[in-house]
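Got a structure for you, questions after.
A, B, C and D label the chains in the order they appear, each numbered from 1.
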Amino acid sequence: KPAFFEWLCRLGDTTLVLGHRISEWCGHAPVLEEDIALANVALDLIGHTQMWLGLAGEVEGKGRSADELAFRRDAMDFRSLLLAEKPNGDIGFTLTRQFLFDAYHVALLRALTDSSSVRVSEIAAKALKEASYHLDRSSDLIIRLGDGTEESHRRVQKALDTLWTYANEMFVTDSVDEAVAEAGIAPRPETLRAAWDSHVSAVLAEATLKRPDNDFARTGGRNGERHSEHLGHLLAEMQFLQRAYPDASW
Amino acid sequence: KPAFFEWLCRLGDTTLVLGHRISEWCGHAPVLEEDIALANVALDLIGHTQMWLGLAGEVEGKGRSADELAFRRDAMDFRSLLLAEKPNGDIGFTLTRQFLFDAYHVALLRALTDSSSVRVSEIAAKALKEASYHLDRSSDLIIRLGDGTEESHRRVQKALDTLWTYANEMFVTDSVDEAVAEAGIAPRPETLRAAWDSHVSAVLAEATLKRPDNDFARTGGRNGERHSEHLGHLLAEMQFLQRAYPDASW
Amino acid sequence: EELEAAFQARIDNNERIEPKDWMPDHYRKTLIRMMGQHAHSEIVGQLPEGNWITRAPTLERKQILLAKVQDEAGHGLYLYSAAETLGVSRDDLTEQLLSGKMKYSSIFNYPTLTWADIGAVGWLVDGAAIMNQVPLQRTSYGPYSRAMIRICKEESFHQRQGFDIMRKMATGTDEQRAMAQDALNRFWYPSLMMFGPSDKDSVHSDQSMKWRIKINTNDELRQKFVDQTVPQAEFLGLSVPDDELAWNEEKGGYDFSQPDWSEFFQVIKGNGPCNEERIEARRKAWDEGAWFRDALNAHADKQAQRRQESTLQAAE
Amino acid sequence: EELEAAFQARIDNNERIEPKDWMPDHYRKTLIRMMGQHAHSEIVGQLPEGNWITRAPTLERKQILLAKVQDEAGHGLYLYSAAETLGVSRDDLTEQLLSGKMKYSSIFNYPTLTWADIGAVGWLVDGAAIMNQVPLQRTSYGPYSRAMIRICKEESFHQRQGFDIMRKMATGTDEQRAMAQDALNRFWYPSLMMFGPSDKDSVHSDQSMKWRIKINTNDELRQKFVDQTVPQAEFLGLSVPDDELAWNEEKGGYDFSQPDWSEFFQVIKGNGPCNEERIEARRKAWDEGAWFRDALNAHADKQAQRRQESTLQAAE
């Protein structure tokens, strides 16, 4: 039970934080089509957050709603991937981060459609449609940017090199994952690596980008042991109204 | 009384917000000497804030401390100058903002040393020493940047043109100012303009910079009627701990 | 001259003008200006609302706001496309926005300072926009008219959402109520300004009405807006910041104070609260995105070349 | 050889080496490396603490933290100046930091995540730094020794302030206590790493000790740090995250677990939690400030020229 709650927070916090990051682009994207597409991705991710944290609240059984989990926990209690916490950088950096996440997200959600938890499999099925669309889009853009100009190639390659060790966190299996895997709720993260690798490698090849070879995994986000400094700033902004007006309803 | 409180908040909120902005430079300045100097200015301004808001709390008589006023009021209740709320931009922008403010600050504090309120005149005397030093420094830097390279000249001129209409807010007199002036506590802001103009014009001339001629005053910060969008973001960050942990003492 | 007469006859006959039809040069220019301004307003209009996406108070409110801002970008897209049928490209229009040659609605130079402002923007600003736009569904230029039909449908949805935020705030805690009243105070007159100066001071109006690019006068629409909005404010328990406001039985509408038109002209001149910041944000997005747009073009060129090469090879 | 012997004799005689004195090339290089690294650590060390200035919980805490970060920049300044006496410029050293050729203390690659971390940094990190630095007041190179004397005085003040934050947190609400414990958990082992690898794995040590650039061994200092810190943690009611920790009567000190040295080497390699972000922040400050430094130089040149011209005119 606590493992299941914890694991749900890992999902919901990651989509929340990443959705927040993406939403920071609203009105500031380099082309109108990206303004629309990024808002759409953010919207989907916040939708997933509602479902995952909603379920987390139910599983916890203390009557906390998705909103309470989202807006009333401090950084220490968050379980978001470090990758999601990374600031946006330029649009190439944002799309690279998205691509690395989307490939993992799709592999994960696909596996979760077979979850022993009906609730999990239902949510996963809904989310998978959206995530697949995100992945199509980000894969396509990585190919176009990687195989675009020298500058776009250089920028995306640099983003990839920077983000790689953060992406590796997605495939680290710990005791929470073991417990949830035991219960048939979710796959061990390490088992998602092969599918991820094959999709990512194929896209990078077409994009003429070099797959980084640093296997080191920067960890601490998903297990909550050591987040990035960015998370606190993000939450200060995100949670302001709920913190400043705890008695209000909106 | 309410006018006096309001007027004290105008001072204290402005030094608080400007001190916050300056402190954002810590560790990010272009030379080590600026890291040190900017931290020093921020430190002084936060010190002034403690004195002004401390007195404001006393005058209000509801038992609110300087910290409560600083960390538990939302944007609507702030009375900071729009100039102070402006994001830092590059170091030239920051120093231009500082120069325009310092020249006003010195003129104001000098006048306040003759305040009918002993408390005000005491605080002003203390703050004046520091503010005079700030003004010497920022004046000197404006001269060096204005009469430096073409690029530095262009950057500072642009900052000046952008900030000018915000600076004009410092000299707008409203009913609060009238009431406080009636009581001999403080001068009417408009009376500070001449001293400001003469210092600013002299420095700009030496800096080979052109004095902007837009007399329009962007208002709404000092009277609280229409702040900038920046203030809310700044407060979300600044007030996070006090908002998230209302029962804690630090 | 003959062409012009025939053109005017078609308009008088309620026919739609389509891109390939002949049209007077001035008609084309006026439409480009209107549609461009309208498109720019949607784009710049993302900014004041976008300012609160990261601080939306609940997940649901965040989703609603994201969807709304996304719709606005979508409206921008329809309108630029419609303008392109008149022979002006989106990039051209964007350059004109950034250089200050073309304007956007002045209302977006006002800041959003509390969450209630997001309600007020939906309720008042979208409300005023709809008032302006509903008649434009029947405008004489076909692509513009069709874009407006799609847009109006979504806008009225946005307005209801804005009103819903206001209702929550106005019936919430004391602090929320204060925010709601403050938002109304700050957005009331700027919303009235959205209809433009009084008819007697308004340029370009006559010809535009003859061409059915403009359907109602500014003052008509403003009156209609006030008449619709005042009862809503009463329903919310908020007071409209106008001491002169009074029901006038005779005209069947409210008497109300005019906004401060000198403020309006200052805002247009660039002295609004957020003018620079709005344009600066858009310029930054445009300039910093240049490499991105270049890359997509370069890739498209490469792909085209590759297709051509493989066609040639297949033909050999 | 003779020179070297005389040089070593002076050191053995506890004399200070001064900039104009002859010194072996390797002594100079080792000192440049040490002092440069030390200066860079002060500069980079501004970042994790600077991260909380804008969120400090009270005005007084904000002032204390500002003053502390300012002191660190000041220490950087002393140390760069002291290094300059060895013939290397501050700009050179900065370039070497940014290119990765020179290091800074690995501890600053760890993030500050809660307000308690600001306490932990003062208490543990400054505590460990002082342990390293106190002996350096007696180091053989005069300018370095004098810089250390100034620095140590301020550092011990910082350490007390850090401990004071921890005390407030450890005796505060449940949430504050949890933050304090969490900060100790995260900073304990990285602080132990600050003394460097165990003596048996440490390079450069012997020669440095002979030259009195280094006074104590890494393990000696680490033991001293643990012995000093454990009772403080007990006083705070916090538990040191080490199951092996136990008082050893015989050696008159604590037995404790070694940190995970593979983590240490990963951090040095660049895989610490914040390596890129730290260097990126410094690089950005440096690159974006180039125009500013150029302008100050250009102005100084102009002024010098003007003075020269007016001197010439006066002479005519």
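FYI, contacts are C-beta pairs under 8 Å (C-beta built on N, C-alpha and C of every residue); 3 or more make two chains touch, one makes a residue touch a chain.
None of the values given here were measured: they were computed from a predicted structure.
K.L.:
Report which of A-D and B-D is connected by more C-beta pairs in contact.
P.N.:
B-D
K.L.:
Using C-alpha centres only, name the chain that sits farthest from chain D.
P.N.:
C
K.L.:
Using mean C-alpha positions as chain centres, tell me how far chain B is from chain D in Å, no decimals.
P.N.:
One centre to the other, that is 34 Å.
K.L.:
From the mean C-alpha coordinate of chain A to that of chain B, what's the distance rounded to whole Å?
P.N.:
Centre-to-centre distance between chain A and chain B: 41 Å.
K.L.:
How many Å are there between the centre of chain C and the centre of chain D, using C-alpha atoms for each centre?
P.N.:
The separation of the two C-alpha centroids amounts to 56 Å.
K.L.:
At least two partner chains per residue is the criterion; list those residues in chain A.
P.N.:
74, 232, 236-237, 240 - these are the residues of chain A that touch more than one other chain.
K.L.:
Going through chain C residue by residue, note those that touch at least 2 other chains and give them in order.
P.N.:
Where chain C meets two or more other chains at a single residue, that happens at 55, 175.
K.L.:
Which word fits the touch map of the chains here: line, ring, star, complete or other?
P.N.:
Shape = other; not a path, cycle, star or full graph.
K.L.:
Kindly provide every pair of chains that touch.
P.N.:
Pairwise, the chains that meet the contact rule are A-B, A-C, A-D, B-C, B-D.
K.L.:
Write out the stretch or stretches of chain C touching chain A in their complex.
P.N.:
Touching chain A: residues 43, 46-47, 50, 53-63, 66-67, 69-70, 73-74, 76-77, 80, 90, 115, 165, 168, 172-173, 175-176, 281, 284-286, 288-296, 298-300, 302 of chain C.
K.L.:
Quick one: which bits of chain C touch chain B in the complex? Just the residue numbers, please.
P.N.:
Those in contact with chain B are residues 48, 51, 55, 110-114, 175, 178-179, 182, 186, 266, 271, 273-274, 276-277.
K.L.:
For a test of understanding, state which residues of chain A touch chain C in their complex under the given definition.
P.N.:
Of all residues in chain A, those touching chain C are 16, 20, 23-24, 26-36, 39-40, 42-43, 46-47, 49-50, 53, 66-67, 70-71, 90-92, 143-145, 147-149, 151-152, 155, 237-238, 240-242, 245, 247-250.
K.L.:
In the complex, go through chain A and note every residue touching chain D.
P.N.:
Where chain A meets chain D, its residues are 74-76, 162, 165, 214, 216, 218, 220, 225-229, 231-232, 236.
K.L.:
Write out the stretch or stretches of chain A touching chain B in their complex.
P.N.:
Listed in rising order, the residues are 74, 232-233, 235-237, 239-240, 243-244.
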